[in-house]
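One chain, chain A, appears in both complexes that follow, with chain B as partner in the first and chain C in the second.
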Partner chain A sequence: MSMSKEKAMAYLNEPAVLCCQRGKGTVISEADLEDPTIFADLQDSGLLSIPDGSLTVGDVLGMTLNADVEALTALRPSMLEGGAAKPAPSAAAGGAAPGSVTACGAAAPAAPAPATPGFGAAAGTAHFDAPPALPGGPVTIHVDSLQGLDISFPAGWPALYGLCGAVPGAEAPVAAASGTAAGGAASVPGASGAAGFSAASALGASGAAGFSAAAALGAAAGLAAHTAPAANPLTHKYYSVQNVKLGKKTSFSSGTLTIDSALTEKALSSSPLVKQVEMDIITPEKRHIFTNTIMDIMPVAVKCSGKTGEGTTAILDRVVFCLTGLDEKGVQIHEFGSCEGYLDEKAAFGRPGAPDDDDIIVRVNVTIQENTGMERRGPLAAHTACDVIVQSIRDVLKATDEAPAFTKTYHDTRRRGLPRVCLVKEIMGQGAMHDNILLPNEPAGVIGGQKNVDLGNVPVMLTPNEVLDGGIHALTCIGPATKETTRHYFREPLVHALAADEEIDFIGVIFVGSPQVNDEKMYVTERLGSWIGSLDLDGAIVTTEGFGNNHIDFAGHIAAIGGRNVPVVGVTFSAYQGQLVVGNEYMDAMIEINKDAGGFENEVLACSSICPEDASRAQLMLKTKMAGIPIAPAERKWSQAVIDGNQWLADQA
Partner chain B sequence: MKLTTATGLKSEVFAPVTPPPVWTPLKKPLSECKIAFITAGGIHQKKQDPFNTAGDYSYREIPSDIPTSELMVTHGGFDNSDINKDVNAMFPLDRLRELRDEGFIGSLAGTMYGFMGGGGNVDKFREETGPAIAASLKAQGVDIVVCTGGCGTCHRSAVIVERACEEAGMSTIIIAALPPIARQQGAPRISAPHVPIGSNAGEPNNPAMQTAILKDSLNLVVSMQHFGEMQVLPYEYRHNV
Partner chain C sequence: MLAQHVGRPAVPSVKPGEAVTRGQRLASKPDGALGAHVHSSVDGEVAAVCSLYVDVEATGPSLDISPGQGAAADPGIVAAADPGIVAAAGSGIGAATGSGIGAAAGSGPIAAASPVAGSGAAGGEAYVPIGGSTVLEMIEEAGIVGCGGAGFPTAAKLARPLGPGGLLILNAAECEPTLRHNITLLESDPARAICGMLHAMRTVQAERGAIAIKEKHAKAIRSLRGVIDRSDKISIHFLEDHYPSGEERAAIRDVAGVLLRPDQLPFEAGCVVLNVETAARIADAAEHRKPVMSKDLTLAGQYCGAAFRDRNSVPLMDVPLGLPVSALIEHAGGLSQDFGELLGGGPFTGKAVLPATPVTKTMGGLAATMPFLRVNEKMGLLVCACGADQQRLMELAAAMGGEVAGIEHCKQSAQMPNGTRKCENPGHCPGQAEKVISLYRQGARALLISNCSDCTNTVMTIADRLPVKVYHSTDSLLRTAGPGLIRRKHI
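So, the complex of A and B:
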């Protein structure tokens, strides 16, 4: 495909492969050579082989072919005039010797090379002015851009200076697996690589990442960042359930939930599309039971006081609703792939979006009008019918006199002055039936919520507590293994992890849809970008469920964030079946959430969705990227070993 | 301020660097569609000026009713012998006319285009050649644009023009001998028969294979649902020069 001059300079050490047939006498330039970034794909396709002894780009530029050579041939010395021997590297390409570490060393022999982030030794053309080798010399900090810098002197000044790795005898405050924040690029004379990071870190200098330097300096001087819990915390009161049965009247007493079996009739009347509603109870020891495809898993929760995300919510512990569905013709509804089969084989029990091993499952099976299973109205009718039953239980739970078994309180704590991080969760919005309901009247309910598709898929901000309080009801109709159910949002591990992280200021969760129309995709992506730009973020994590066409939005969202110089980590299922078809340079720090041995969407509910381990890797990777520490590029093929290695690091942290 | 970090982390998902997606969904059956074929493989009329094989962003009009005996190739990036035997190996005009006559497709664009993508100037193709060809095809009422590359750089030039057509509101597919290049350059749809550079549309003088590749590719325009999809086709031809 040929290369530009700049690209050729960046790939001087890569094999030289002719992009097109070239004749004897051709003086080789970058325009004759194939782009090395696609060698692996060409090799996989059997279109290219690179034998040992092949020459590099740097070797062949300016050399002359001594015979006609076919396209996609790796050049060898025998093909070049006077080229029987591989030319010495120093002769290559106008003297730009591959690997400039040597050159730097020659320029400043007395100075240990400062290991500044981003200086890849293999880059070939990288160079920098070597600083004088004076311990305690000037600290040079390069900042590409800067926002909101507040510096107050002199209170922390001596302490600050003492933290600099450049000072002889000073202890660098960085260990291998724990460091402090840095952004931009810093070079510190005489400092080792680790100290180079820490010096910049201690200064809190960051333009691109935009950390508040005031906070960093304050921390160095022993001042605390300003931590402020939300005015109205959220309290979840959990009521223990030991037994669930069907009966004549809905009640909750002494750990026994009785559900009026006639509620199925009430549910049936909720929509003319609903033709039949069945309900049964599946206890933990009866999991080997056939089930239609699982559309959703939902908690039973009701607001006792306050709005979604604050006040008090009552929740039944160890009980979930499981919605399954068919159409009148017996067709499994609404899935891209479906998970009908034996329940014990078709759900990844214990995942945030699945039932837990010891949960009692109330199964509601809804039959809807034929041929509406893949239209928006069909699945919505099924969810609405199920919610009629859940609502009757909510009404009873709200009025209960029972004592809660335990409570959990969430404070939505803002840690102002610390790096500002937001979570972007991409939700479906295609073909309308791939929808989500935002902020229903009751936690995880249906009624009163706004439909993501009707909102035009534009970004909507929720507080972390709104998410954890059932602010999302998922109609999501993508593959069972990779979809995020209503319960997933209720227990979203990334929200929990970021909210609990005392090193950051977690500002909230942006939900953004994945539209069906390409133009709308661009529109939505740009709206997200504007939000991100206005929020003065220091870091963001973007997640998506499913795979395929939504990866276009996913890539767009990451570019919209990364393009605004905000460090960003992407979280997705990709593995084998979901390999990305689009990408950009900002997708350089990615978390894989596949859990299938073969890397497929295996139609086991919630199998390959985000779990706490994935969240811990994403969290560590983001903070590492925010600190300016390089994340090694991904291998071209999905590798469980890479994931395991990252997990080990996350577990240590 | 402290951030818990780690050295040695590695990104877990490979992301190819591609241009932004472009996508025009097909909204009618093939039997009602007007089809255009374009090629970056250096095809032109014998009476026209040949391409400059060192790099040329100009293009040549090819009337869809012209006998294929009046077409030829000028391209320095690959062995020309297959096209010299049968121009349908790169520009399957005879096969397209047969598909039209049997009703598989609705009609053919009156004017189609050949260009020589080898060593093509990216900016010129992006800013001039691509939009010009796209505008002409759109003005003819074309619904689907099928294209072939040629060599590696030809695939790049072909995809640039293909993307211009897609942006102008036509559904496109490239029959790619080098699918990794088509994918990296951002082709909206890719079909990939096992064919060498120079016979991108199938073995010369093998109408059955050429027809099958065309039909499969057109059917893929109907069935593919999102940007960047690629389908390997089960046809194999090797030539040894």
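So, the complex of A and C:
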């Protein structure tokens, strides 16, 4: 479609293509020219070819057509009165338009390019002097706007911070990475170093970006920041379980967990909607067993002292609860997107949200009243019934005098003075089985928590330790490959990664729901925006689970953050099946978490959920963006190669 | 009908059983509100009153539907006066008339337009004259609303004087491809329209007047020149020949060179735009104290009547308001084939009507279309503010049997606070590639579009290359009765 004046100014060096048929004598304006951001789509569809020698937007604005020209024709000198002198090709291929950093690196060759300074900056606030060959030798940056601060560091620095290809999957209009570098970024192309990774972005720095580069660099150089652990750290005591059996009385001793088989009767009475409760023990070697759809994977954890997120929590190691269910008619709970089948084929073991390879699984299968599987109350009743059983074990565990196998302590350390980073986790809140229980009485429990839907999906802040201490109980396993289970939150890799990151001040985790109705989505998005504005953030990562409808919220949340000049990175499953249906200018740094070869929601529990590797890429992507370093535009289609390339960079860092 | 206009419905001022005479006010505009009076188009007796309509059974002499001049010259039209038709009329709900048609048919289009108030000289031509001392009052008394289709009360439109340099535009665009009645009026009685235009110009203190017309309407232009050559205030301005074209802001853009935003009103450009028929009805009110009792419209489709023997659209002048559209079809000799739908209005902006739907002050056309084409592909709907809206496209898609794969709106289609849409720059395509590709991606292998001819050209150019079939919302009618389908302009 035709462009606005501003857009045309940003795309002066892109090919000039008529959006519509125009008659002889037309004086070409931006209203006659197609938006270059859709050229790739047009070319993919065979609608457009841009022959060599075509003119650019800058060439043709104000020129007059000398003939009638068809829609979607790339303009050539012969079509214009006076023949519009075509500038030398080298000039056209050279620097990007003033203020734009889009061009750099996107087409960079895999081999390190010569460091021809491609200064596109309108005002040169930063200068890079890099030797042509990057391995070895120093890189010196001189930044005028930081009052002449000179920093020298090893050339390995780009591998640590600089190189990060944006991950595609962003079907949305995210082509321009120009939003990141406010006020004149200088760029040095090349500097790839990652063989086969062609999406390496150019290295650059922004002297005027909101992020305090000095602080980050200062931290890297070992300058002191004011670090303050939380007053009450969280200690997880893990009790090793070697054997689980059903018996007459619930007990835990010498590594053997015995569960009273009559607890199913107690669970049955928890809700009139619950019609039958069965329980069995599945050891790792017996996983080739049919299972109804997996509704959740939960740890067994109990508070021994303190509130959620502080004090001591006892946790059973090597055992998890697995809730499965169907209704009286035999319909799987969350039919469509359910994952019934052989257990060994239906879960991605080892993911944060799934059982680990050597976990013993206590399976609780709940049959609920017919036709309630798609209502909120049905799945909630199943979770509540299961929690009755878990609670009995919690009671035993709380009183145990066994010795823990090991302990882990989390300090919720605040690093004041460093860039303030927040994690925004979008959770499902559309009703039916899409709900989450926030801050139950017991870790990963049900009782005492507030339901996200009832809270109106509005943002709620949790400390990192509250998240890791079972502050979220998830009821969202329709589309199980991309949803986050209760255990996922308990082991959320991004929380671990950001909490451990010594270069940032990780201020907390905001949970925000994804409501059903568009008006409510906007309401929630605005509330998040107000939070972000008040938190004085330097960066944020937004994650979502699932795909499709929630991507509307996802895009809205990213815009609410990016629109407040806070660098933001998005993390989602998108790939092939979940291509973004919406997008905006702030969605230029996206992390793809797909793990399915074909890019589908493959109905394997937790398959395409956030893993530590994804977290490391998101972390690097955010720091890159915060530092004002250009991020190469996403490729048009989901490409595992880009993800692998980014992963390589993250691993190096 | 009590809501034939923009604003509040009129409030009935008659009771069931009450005898009314032609021209008598049946319902009044609420005090202080935007609205318009409604008058009886016949002598008769009030059969029913409700909040939606006043139903009048005609008792007086039968009425006249005057065909346009060309048709009047055709002896075949006389068949329309066949007494057999009389029985067919008057069956509709909401009809303000139950009269027959015909006796005076063939008397020519001018006769009905220039009666002498109260004279009763010709059957059905006498009427109760309106009051009012100024032209503006008379316009309000007469219940005049924009006849081009919008139905904005004309008195409200003219109530505010234009500033210096004010321009009144007579909109003779004949906005839809099947319509002919406005041009017919200018061809046959240009003085009436110009007379109304001058009254309106004086009312709003316009310094200049411009007639916006397409150059191809040469006969109308010739006849206009015969009238306005005596005026140095009124000029003729040619419009681009595309459809639809009557949009008020487009007329202002083309004549005054000012493109208003969709949320701006004409007076912000120092302009007032009046449809040709509206101007003529202002003349009737100001010169003859005549209320609005009838509507000019164009009847399109394939009918058995002789008037349709070698053509498929005939203008009908001064059709009594309230007449059910079935009566018009009977008047045309009945349908010659199965039809897809009855369309009130033109092909772009018309809406489906029922046989019992009454003629209103804004009904510019009636058409019976051919049966709908069947579509087997999944359809993408591209909705344009200039043509059929989303609802209508969805209805058409359903009628064509196509599953809807996706819906997109033209980039220039701006949503107004009241939910309607207006085009930001009518008739000037903003490019459609992104929308077409989006629909294609959503699985559409056929498009149903409602764009103007310029945008359609772009869509067709793109669709040809994909390939995707393109159907236009106007196809059904234009295949039946059009000058040609809205399709690609080949260079």
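Definition applied: the second predicted complex is superposed on the first by the 456 of 653 C-alpha atoms of A that agree within 3 Å, B and C clash if a C-alpha of one lies under 4 Å from a C-alpha of the other, contacts with A are read in each partner's own complex, and residues count from 1 in each chain.
By definition in this document, a contact is a pair of C-beta atoms (placed from the backbone, for glycine too) under 8 Å apart; a residue touches a chain by one contact, two chains touch by 3 or more.
Keep in mind it's a predicted model, so treat the numbers as computed, not measured.
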item	value
First (chain B), second (chain C), both or neither touched by A:V581	first
Which superposed partner A:C19 touches (first chain B, second chain C, both, neither)	both
Touched partner set for A:T572, first chain B, second chain C, both or neither	first
First (chain B), second (chain C), both or neither touched by A:L498	neither
Residues of chain A touched, compared between chain B and chain C (which is higher)	B
First (chain B), second (chain C), both or neither touched by A:I507	neither
First, second, both or neither for A:R636, with chain B first and chain C second	first
First, second, both or neither for A:L42, with chain B first and chain C second	both
Where chain A meets both chain C and chain B, residue numbers	1-2, 19-21, 31, 34-35, 38, 41-42, 45, 47, 70-72
Chain C-touching residues of chain A, taken from the complex the two chains share	1-2, 19-21, 31, 34-35, 38, 41-42, 45-48, 68-72
Contact set on chain A toward chain B in their complex	1-2, 19-21, 23, 31, 34-35, 37-38, 41-42, 44-45, 47, 70-72, 176-181, 204, 211, 215-216, 218-219, 225, 418-419, 503-504, 518, 521-522, 548-549, 552, 555-556, 570, 572, 574, 579-585, 587-592, 617, 620-621, 623-624, 626-627, 629, 631-639, 642-643, 645-646, 649-650, 652-653
Sites on chain B touched by chain A in the complex	1-18, 20-23, 55, 76-79, 118-119, 151-156, 178-181, 183-185, 197, 225-230, 241
List of chain C residues in touch with chain A within their complex	411, 428-435, 437, 440, 454-455, 457-458, 461-462, 465-466, 489, 491
